[in-house]
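Next come two complexes, and both contain chain A; in the first it sits with chain B, in the second with chain C.
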Partner chain A sequence: MIVLVLRRGALSLVTLFLLATFVFFATEVLPGDALDVSLSADEMAMMPPEVLARRRAELGLDRPVLERYLGFLGGLLNGDLGRTIITRAPVADIVAMPLRNSIALAGVTLLLALPVALAIAMAAAQAKGRALDNAVSGAAIIGYSIPEFVTGLLLIAVFAVWWPVFPATITASTDDPLGVLLAAAPLAIATTIIGSIAYLGRILRVGLIEVMAADFVERLHLSGIPRWRILWLHALPAAMIPGLSAAALYAASLVSGVVVVELVFAYPGIGAELVRAVTRREVHVVQAIALAAAVCVVLFNLLADLGIAALDPRTRRA
Partner chain B sequence: MRSAWMRREVGVADPVLQVRDLSIAWRGADGRANRVVDGVSFDLAAGGTLGIAGESGSGKSTLARALLGHCRAGSAITGGSIRLDGDDLAALSEPGLARRRGRVMAMVPQNPLASLTFHLRVGRQLEEVLRWRAGLSADAARLRAIELFGQMGLPDPERLARRYPHQLSGGQRQRVVLACAIACDPLLLVLDEPTTALDKTTEAQVLDLIRRLRTARQGAMVIVTHDLNVVADICDRVLVMQHGRIVEQGPVGQVFATPREAYTRVLLGAALRVENASRARPAAPGLPLLEVTGLGFRYARPSLLRRAPPGPPILDDIGLTLARGEVLGVIGESGSGKTTLGGIVTGLLAADRGRLAFDGTELTARRTREQRRRIQMVFQDPLSSLNPRRRVGDAVMRPLRLFHGLDQRDAARRAARLFEELGLEPALLARFPRQLSGGQQQRVAIARAFAAEPDLLICDEITSALDASVQAQVLDHLAAMQRRQGTAMLLITHDLSVVWRMARRVAVMQGGRILETGETEAIFRKPANPYTAALLGAATRAARAGQPELVDATG
Partner chain C sequence: MTITRRTALAAAAASPLLGIDAVAQPSTPVRGGTLNIAQCSANRRSASPQNARHPYFLVDATTRLPYGCLVWVNRALQLEPELAERWGPADESMAVWDITLRDGLLFHDGTPVTARDVVASFEFHRTRSPFARQIERIEAVDRLTARFFLDAGNAEFPFVLGEYDSVIMPAAPPETIGLSGIGCGPYRIVSTDPNRSIVYERFDRYWRAGLPLLDRITLHNREGQQDSAIAGLRSGQFDVVMTIDPTAARQIGRDQDYVVETGGGGYHYVVQLPQHPGSPFLDKRVRQALAYAVDREAIVRLVYGAQNGWVGNDSHLVAADPNFLPRPALPRAQAVARARALLAEAGHPNGINLGTLYWSPQTPEAGRYFQVLQETVREAGITIALDQRPNDGYVQFRTGDNDFAQGRFHRFAMTAVGPRNPGISLFRMRGANVESGHWRGPEQDRYMALYRQAMATREDAARRAMFHDMQRILHEEVPALLPAGAMTFAVRRRNVQGFAFHPQIWSVRFDEVWRS
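Here is the complex of A and B:
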């Protein structure tokens, strides 16, 4: 098991290195440098060449590619993601808080959605083919297929306009403590939770139904082992395995991909920051966010793999 | 439960298990009930062992589960009674059944690997039964589990208890499942195909264990199997089932010596082949068709680095020759490398050492179309080797069009003729694989192979997924086809009766090596190698049971 953890960890580091390389070359080596991209054509035309050259030198854009690449990697190791072009603020500072907020949103969502999804899946799997199961499955498909901006706007219409119990948009600011921020964002959290329950519930239900038909469940049933024990100790871990990888990717997408929810509710997360960076043409910020998203995917995949290895001894060959 | 034991000792005459007029039906999607067990009645005395024999689909496994009061979803007991220890299982509520399961009646299910929870250590799974069903404390359960594993003949029980199911061999898994079933010393033990997943040598060991358990426990036992060798070996009564009904029942010696029903004779005929069969397949003289010299194979170890050390040898220095039109049997236990050998000859795997010559030219893993046509293969599981979404006619017509360039009409005509030659209705060409029986599916796979008109056919365990009576049918058709087309055959199997029936020469494999090669007759009569002798010893039990004076009375 330890060997496996080390191996998977090392592989993840290799993946991250390749990712960083890819992100760097994708944004830096394409035609035009960071300065060209961040300035509009008018600004370019207005600026005298020597000013441009000076700013290039300041940003280090005049150095050879390889040197900049090594500098970029070195900076990454020190947590230095460069500075923005317009305000000259450190990119790390700009990205840190929104990233924290997004991770918090994803964490709270999963924490609340997973038990609910699990309970629903278990109830549905027990009543397979009967009214309860059909109702749950139908609701899950609806919940899963409605886009988040529709759910979000519906929630706003109901709970902020018709029956104003929650604020429509978030009044807390980016740097507020997490408690304050999350307390101010009940509708945003509800929106992501609804989608998550539908998605995770479906995966878990299918897994459970399959496992409950397995031979080992029948053997236990025929040994007179109580049903709750079969379900919790034998069936549930087996049913979680196929769901784990899917859930990990989903969690990663929650961190990096709830742009819509963040914009609808003005939640100060990484998705909203990405949109802002793109409109302001802040190449380094986009680079940093892309990297952070990739790190999330790799990290959650690693966690899922380790979780699967913990659940399924057959995969534990290091 | 103790009182149950007391009562049994009062009179042996009254049976422990009394099944009367039992019927079980499946409710189909159209709402019509389909009877799979139909008016079955029998008694089982204390200490008795009853064999329930029949082909798959005869309802014997459904009956076995019903003896524990269980019907799978979609089926239900529609009539009759199952009296065990004074209760009618057919009338008991689910909680009442749950209280008795594991203690009064227990089951050893068919597939031990799938029947054990893959993510729990086997010791823990046995302890669970001991704690929840026998009411032992955690510590007592741990000790008792080790003790039970020891009694099951498992080596180093303490270490074995900490292993997971996939880390055990097939025989060990079967012993673990057995231990779980007898943990509470049940009155009735039902074993569903206890040896089907095992090779011949392991089967003999597991049967020995079951026989020992029977004498030690004195509880009643029901053994469900399609293999009459097993019935002959350990049962004292036999019940033959067909289409959900009892065809014949009685003492084993009597039923086997003088079977009254034709169906019983068919089943018996399939089981007794080892003892009396006659083959006449002289090999054609001249240059050998296939010549294998110094063949070696290892699986590469998966690794980040390319040049990783290879795994242990699967095949080691294999040499054999096959003449035109000759049938060579390759026998050995699972893991002996015989399937790998077939894979290399077919071109599915690449050997990493040695030479393979086919009709005078070197064979590598990369084959010409003509070579692919001339070497065909039939696999163990016909269902997974046929495309489920294509009609079987397409499967047979594909090689005809690909290799012989026939157009649709000629291909269809030729496919119909192949079907007829293999005893299949040409109307079946329009069916999908799932709509055919196992024996029909395998004959379709054979038709597909012969459609290419090959010179060499590799058959890998082609009958092991089939029932005994169907096996005979498939082998007969295969033999007739082989003689007509003069095809050479490499017959890979663990079933000695298949080799005895089909092959003039045989190669015995173990641990990736060929132990001996020679005339089937000579080797079977006088095996030079002790391993061959052990393999043979495990296979010839059924015939002895036909002669009552030879039945092993000590058990």
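Here is the complex of A and C:
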């Protein structure tokens, strides 16, 4: 297991290095540098070349690509993500707390959604083809299909306006303790959970149905082992393996992908910060958020791999 | 008598007709409590944790919570004393003004407010604030009196002292003044979350005895999120939502739990028309064509509703100002034909593409406003692309740093302006300003000569005649486009007392606001 952890960790580091390289070259070297992107077309057309050259020099864009790349990597190792173009504020300061908040939202969503999704999937798998299964499958499709902003607005209308038991909008500060922030965001959490349960429930249900039809389950039945024991101790761990990978990717996507939820509820997360950075053409902030999202994908995958290794001895031997 | 559900409902239904609130309100102000405000518009630069307490970076709706100005412009746009006890010109030229502070004023840190602080504050303002640039020098005459030396006589100079960029801060070097957030206003800053929220608490040694009444005020920035702000109001999170659009005001005004307040006077949008080398707006005929092509009535009708909006006259004056001179209007078909003819004269017989007009959601209806504008000018063959920019950093984006030699021009862009005295409003169309597009030429010279003459004139009627002449020049020259404006609205919960909205959002005061 230790070897596996080390191997996966090393692989993750290589992946992160490649991701950082990709993010750098995608945003800095491809046609149009940070200055091009931050200026409007009209402004570019009006500015004399010497002025553009001076602005580039101010932003360090006149240095050779390799030098900038090494500077970028060095900065990453030191936690220095550069400075914003407009205010010259450290990007790390801008990104840190929203990133923390988004990871918290994703984490809470997963913690609450996964057990519910699992329970629903087990119930549906047990009742495969019957009314309960059909109802669960139908509800999951509906839950997954409804856009999050519709769910969010509906929840606000019902639980904040008609029956005002929860806050409609989040008034907690960006750097409030996580407990305070999450306590102020029940409807935002509910909105992300509804979609998550629908998505994860479908994946886990399919996995469970496949496992329950496997030969080893059949043999266990023939051995006289009770059905509940087969389900909990044998089928569930096997069905969780694809589910864990899907859940990891889903959680990573939640970190930077719940922009709509963040905007509807004014949740101070990284998605809203990304929108702000894009509209302000703050290339370095976009770069940092893209990198943070990629790091989340790698880390959540690493966690999922370790979870799978714990559940499946074959992966530990591989 | 037995009170049944039916009789209770009947009484509740009848009470508004009788002029009685369904819930009796105590008439005596009560101290204590927290007021939660959501603000849907924004007029600020960028705020980072380093500068978020500085008066120039606050959302201006709360300027007068932590800070005070020498004078206050009241809801009728008349001057009232604030930190200054008295003011007046030191001589007949009206280029030297003496301002005397009240005695006993304190900053939030307990230090007394003196003329030295006034001098330090205006040493900062006069290099940063366009309205204060006329101040050539300031000196402390004694502990409480400061003397302002202007570059020319200005009968309306005291109005400058009530601006949001004219607050009094504890004396400090220009590079650090104001960063502490310490002022002498009714509330002190407790914490800030830049671009998102700010928390204030009562300053117990405020100069108005017994005020303010609330313990705490929190302001939540909901620019571009009016629906979220109103949902927050309906769910009980917010007590006041400021700067809602007329449609929202109409809808929520039907609900008995809320009271819609209007600031009167209103605000409007300036569309700045940059007149730098190579710009199509250098040609007066193009500017005139644009002024004819835009359907001002349509903007008023479609964006504001006829009762809430007013047609602008391409000056910074609002229609409610007694000095406002309406622009001569043509029937729509004639106006479009006139615009086309002007474009043809200017060498654009097939119409003209004016490039991108930048706008930011400074008020909730801004997007709709510029869409209507875009569509109506199309009838005259004028093509405009629209590009929305965020409020944060918009001022810098719109204005650039005006360094023409370096090619950093200001943009074809909008900004919202509030109502002010004519001295300030008409000064905004000076040549050396982005809002006039850096308008130049003999008519601009004549405009400024009239302005200087008006400012040195004490007599109101004579000044008004000059203001009218200045507006006639603007009608002809169109250095900028100001097509239409509207009243401003705020909504409060019925239990919020003592709140009056103000046509100048930076002049809204919360000293006497309380919760019943």
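In this text, the second predicted complex is superposed on the first by the 289 of 318 C-alpha atoms of A that agree within 3 Å, B and C clash if a C-alpha of one lies under 4 Å from a C-alpha of the other, contacts with A are read in each partner's own complex, and residues count from 1 in each chain.
Note that in this section a residue touches a chain if its C-beta (ideal position, glycine included) is under 8 Å from a C-beta of that chain, and two chains touch if they have at least 3 such contacts.
No experiment lies behind these values; they were computed from the predicted model shown.
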So in the superposed three-chain picture, is A:218 touching just chain B, just chain C, both, or none of them (first/second/both/neither)? first
Which partner, chain B or chain C, is in contact with more residues of chain A? C
Is A:51 contacted by the first partner chain B, the second partner chain C, both or neither? second
Scan A:268 for contacts with chain B and chain C and give back first, second, both or neither. second
Tell me the contact category for A:134 with respect to chain B and chain C: first, second, both or neither. neither
Quick one: is A:161 in contact with chain B, with chain C, with both, or with neither? Answer first, second, both or neither. second
Return first, second, both or neither, reflecting whether A:175 touches chain B, chain C, both chains, or no partner chain. second
May I ask you to decide whether A:21 touches chain B, chain C, both, or neither, giving the answer as first, second, both or neither? neither
Just checking: does A:145 make contact with chain B only, chain C only, both, or neither of them? Give me first, second, both or neither. neither
Which of the residues in chain A end up touching chain B in this complex? 214-216, 218-226, 229, 233-234, 237-238, 311-314
Using the touch rule from the top, collect the residues of chain B that touch chain A in their complex. 65, 68, 70, 72, 98-103, 106-107, 109-111, 114-120, 128-129, 132-133, 164, 166-167, 177, 180-181
Can you list the chain C residues touching chain A in their complex? 36, 38, 46, 48-50, 191, 193, 196-197, 218, 220, 222, 225, 228-229, 231-232, 234-237, 276, 278, 355-356, 358, 387-390, 392-393, 396, 406-409, 411-412
Under the touch definition given earlier, write down the residues of chain A that touch chain C in their complex. 40-43, 46-48, 51, 86-87, 89, 93, 156, 160-161, 164, 166-169, 171, 173-175, 263-266, 268, 276, 279-280
